[in-house]
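Next up: the structures, one after another.
Common to both upcoming complexes is subunit A, partnered first by subunit B, then by subunit C.
Presenting the complex of A and B:
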């Protein structure tokens, strides 16, 4: 099942990669300053907003965007749609990098980051009622699981090595890794379900500090929905850009068939959200909450526009519209998460927060590092599927048929 | 040998005189140009004649007036007004002194200012207070008849004060009750703040008018607000920091005295804004004792000193900071940078999708 994947190869230090490295170094400098000088000296965070974009964007949105592996594994292994399997490995790489970067962001956001290793190793000190503990444990476990899920890819990469001991190691462990894969996949489906919904539970505990349009009993479900939306959207994003960047044929036909899942999740999310608000008697807040009404409708319109694009038959043929739909849904779901974690959150006592330049630089540095590592991995390891025949540009009948099978 | 020119030390130049008048105007809250005007009036020989009558009182109001410095009592009674009859300050005595009263009334009929200190007994025909063989109520009625203005200084003259406290054996009342139908400026206080008298007298001397009064005849400039509103310890009240007992840690740190029976919330006076005799903190609360409400009829000498009072005006004035002052800071540069990043991401996303509209072949940088 991995026979068709192979490393992309090519030069690592292209001009674009160098630009990414410059951003990464800038972000790293901010990180170093934070580790030595403290959070207060580096960020605009305060006693009212003890978290900023490093959590709201880097972690909440970052792990959402890293849910590609989760969403795709759900479609491939639970719904048994094996044709999407060729997208699994790049999706898992995105997930691994996304979660690793979120972990890095959390590390820099923790006041006493040097104690973080105690979380997995000191179960006696766990607070069983803590949502945050669940998020921390699940994320740590999931990052490890995704790394192991990619075990075959790492080992295949090693087996191509010119050094015999590496090839030997790979030959010995590759069968075992493939045998363990079903269990890892099952874990890889369970863990994100737990911690993505826990991100919602986390903000549910904010109580009245969160605007009622966002604070609902359905928050955990909403975070699962948005994890799926962003996870799917990232598949389009990543597939389209790697195709363009490495001058490979685009997976337009395959992605076209995925569109109905994305649109389905988006519509389900919007419907559940509106019904939930109506049941909780908050429908009146949809208008007349000022900025918050505007943000709510912006999220909704972005997501519905994406769903409409995904469902349009023409979109199935056009990579540009697929990308537009993916970006719109990413923007809508990311806005939902940033709103929930920051904008609709008001700790009271007059506190306000806007990220300062170092925080933005650090976030850009993280994104740049992630992108650079992704390119590095796909160039060195068999992640991307081999060349598939270029899709015909005008075969609507066949495509329609394919989309419904 | 040092030579001292005695004559120059006592002679007052016009410049010095204007200075005295301006200082007096400033001390009592009149505009600066009022000093100049005051000096002009006096130069024209229009010093108002003042008759000061004492009845049932302790002379505390006079004592506190003697301790004012701007203007000092010497400047006041010699330069600014013509204090023609005052029993405590008079050099003369007996028939000679009483004759002054008659001559002053005759010479300044309808123009002099009458200041009354002390309450007037009315019980049993007013037999409880005689001065110069004449009953208090008789002298008062006679002198007030030809006065241009009647000022009652102190709580006794304003509403009866301590002589009127229960059971009020002499039937003591204030001037306004004794003189039915005659407008009286009341300056309650035990003693009254001398600057409230100076302000009233100097305004009359300069402009010939009396200050605006409330329904009890008290000048609004001094008695419009309750002590509580301008109390230097008000922040402690608003934050719930109360002295619970004399000498406790809260009391030592100058916390609010409300729970020790402070009458500030009910007492109309300007003690907190204008301390006595230019001595900072020279007023009861400033010295660590709750206000006893000495200016307020029905409170002073009627309500026990340490009994709690209801809060009369519970709302905080506008000047207090909000409950939630803005916290946290935002840099405009960061807002700009964030806007650029988001805009660039959106633009790049759109541009990339436009590029894909043509058959792929052109490399596109991965972005977010």
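Presenting the complex of A and C:
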């Protein structure tokens, strides 16, 4: 229960929001072009690199960053750290939007998107060995679960409505939504455990085409670790963003205590990764593989630097340093995922891929849409705790100002 | 430590133990063998002269348009690789002063990676071991392209209703009593078709007759879990662009790990139960704004 959460209120169409909408429209134009002209005409993908940034970034990194709801639910509901409860709703909103946007990206990426309805409706033709099938079903289900987990927030929002029938509806369903919560939370923990780890298994099938520093039987575990890292990191980003955008007090003290979890996961990931490589007899590749050794160490150094920052007592008092640590860990984990899906993948035969402008515009459009919707939701529904309702127009301040106040 | 937390850790601990023990208990998935009736091809670099009659015959048999490339202002049917309109291609190789040609097409793996990943079985093993495509079950995800160790499945990038394209051993001609078109036209017997056991016997016969002409044995006899299309080479298989796979089928690792973790649906159910129990306990005992020590 979060009695302290409140809609932020204020104007929707601020100048910043308009800028986001422009980006969203540009991305939408690319989407339209893809639907009418096909994938070959729109993207740089090819028969050697059939998955580009729409999968490697929008899905693999996007849903990783959308794991905030998952990582936090683990801390709050399983480790029973109730004090983090006030972070749960905003984290769930980012998760919902992140997964929804990944879903949109997949729909535009699928060559035969109009057949996609067959996947959930034709269990008779499911291939039980297909990792992608599991990922697809789990992600669809999880998006629905997160939406329902936010049920109390939607209903509380409705109950403030001036229309009596909406308020009535909310009054009727709120107690039921509260009761269903433990069940939903458990699903919300199980499904990401399954599909985030399976995202890693997906690239295991690439076999010899994936560089041996990334190709390992531990891929599912590594993807689970990185889901936690990115999920936690986003909470810091979110606090800074909402602090700056809505002049809301930062969660510095609360987030300081969360730091040890992030650092713990990072260190576990790095240790397991090194032990795994040693056991598989690949330690030599750590130095001798040129670009790939460099990428591997970049991932590792980014993550370890983040862990060191998170563990430093000074960081606990400084929101700007917290944000720095969070961004470092996000970068390290995101790089790990992009490397696994794209950079460390090499089909041979001289194939190459670099995302073209439309692909990048589409991805930016999705990010802009996601940000716009986030702001819209927290303005209209009781998501954020500790806000003072905005008096009239609220113009977002710069990030830096919010981070250091 | 509250009672509920101790309980929580106990429940979670046993679930984690079960999850950790599962992969160990999992039997490594056994390879799917090829059948005695499986149709395949045998290609022999010592016989191929690079005439590309097979490529043209394949186009005609499968009604695929020429892959026209303009070279010096003149149009040539010159596919650089397998692609959305090219199911088989002949490429040149050089190795240590020697040169020759190699034909590529789907290998019709006994235990195919493409079929293992395909969500609704659009790519699947059909009669006579042929790995065939059913467009109605394809969503165009292109996971098959990622998974195939030979980069065989190709996508119609230029189409707005794209399909996956690959050799299906001319199965549409079987009703007319015809086999793969490429083998039918090859003037040199460099590519022949037949049942896999026949082809293996023929390959062994050639190896025994002129052992000095060949290097590396028979590619596909056991490579990658066995393929129905077999290769004999004068220079080994690296120069031909065939990957050095182990004898383990490509899908084995992933399927062992995935089924090991999941144990059917047992582990997810156990985890769900544990999560639900712990959450419910914590939820009931939670006081808003509680400040527990850690």
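By definition in this document, the second predicted complex is superposed on the first by the 386 of 405 C-alpha atoms of A that agree within 3 Å, B and C clash if a C-alpha of one lies under 4 Å from a C-alpha of the other, contacts with A are read in each partner's own complex, and residues count from 1 in each chain.
As a working rule, contacts are C-beta pairs under 8 Å (C-beta built on N, C-alpha and C of every residue); 3 or more make two chains touch, one makes a residue touch a chain.
Everything numeric in this text was worked out from a predicted model, so none of it was measured.
Following the overlay on subunit A, a clash is recorded for the pair subunit B and subunit C. In the superposed pair of complexes, A:25 makes contact with neither subunit B nor subunit C.
When the two structures are aligned on the shared chain, A:271 is found in touch with neither subunit B nor subunit C.
Applying the stated contact rule after C-alpha superposition, one finds that A:279 touches neither subunit B nor subunit C. Once the two complexes are overlaid on the shared chain, A:349 sits against subunit B and subunit C alike. In the superposed model, A:46 lies in contact with both subunit B and subunit C. One of subunit B and subunit C touches more residues of subunit A, and that partner is C.
Two complexes overlaid on chain A leave one subunit B stretch from 112-120, 148-156 or 238-246 clashing with subunit C, and it is 238-246. On subunit A, the surface touched by subunit B in one complex and the surface touched by subunit C in the other have residues 46-48, 348-349 in common.
Put simply, subunit B touches subunit A in their complex at residues 322, 324-331, 333-335, 337-338, 341, 346, 349-350, 352-357, 359-368.
Residue ranges on subunit A touching subunit B, taken from their complex, read 16, 44, 46-49, 240-245, 247, 249-250, 318-321, 323-324, 327, 331, 348-357, 359-360, 364, 367, 371, 374-375, 393.
The touching residues of subunit A, when paired with subunit C in their complex, are 1-3, 36-41, 45-48, 50-51, 77-83, 85, 109-113, 115-116, 118-119, 122, 125-127, 129-134, 136, 181-183, 185-187, 189-190, 193-194, 197-198, 201-209, 217, 220, 257, 345, 347-349. Those residues of subunit C lying in contact with subunit A across their complex are 2, 4-5, 8, 12, 81-84, 113, 115-121, 136-143, 145-147, 149, 151, 154-163, 241, 243-245, 250-251, 253-255, 257-258, 261, 268, 271-272, 275-276, 278-280, 282-283, 286-292, 294.
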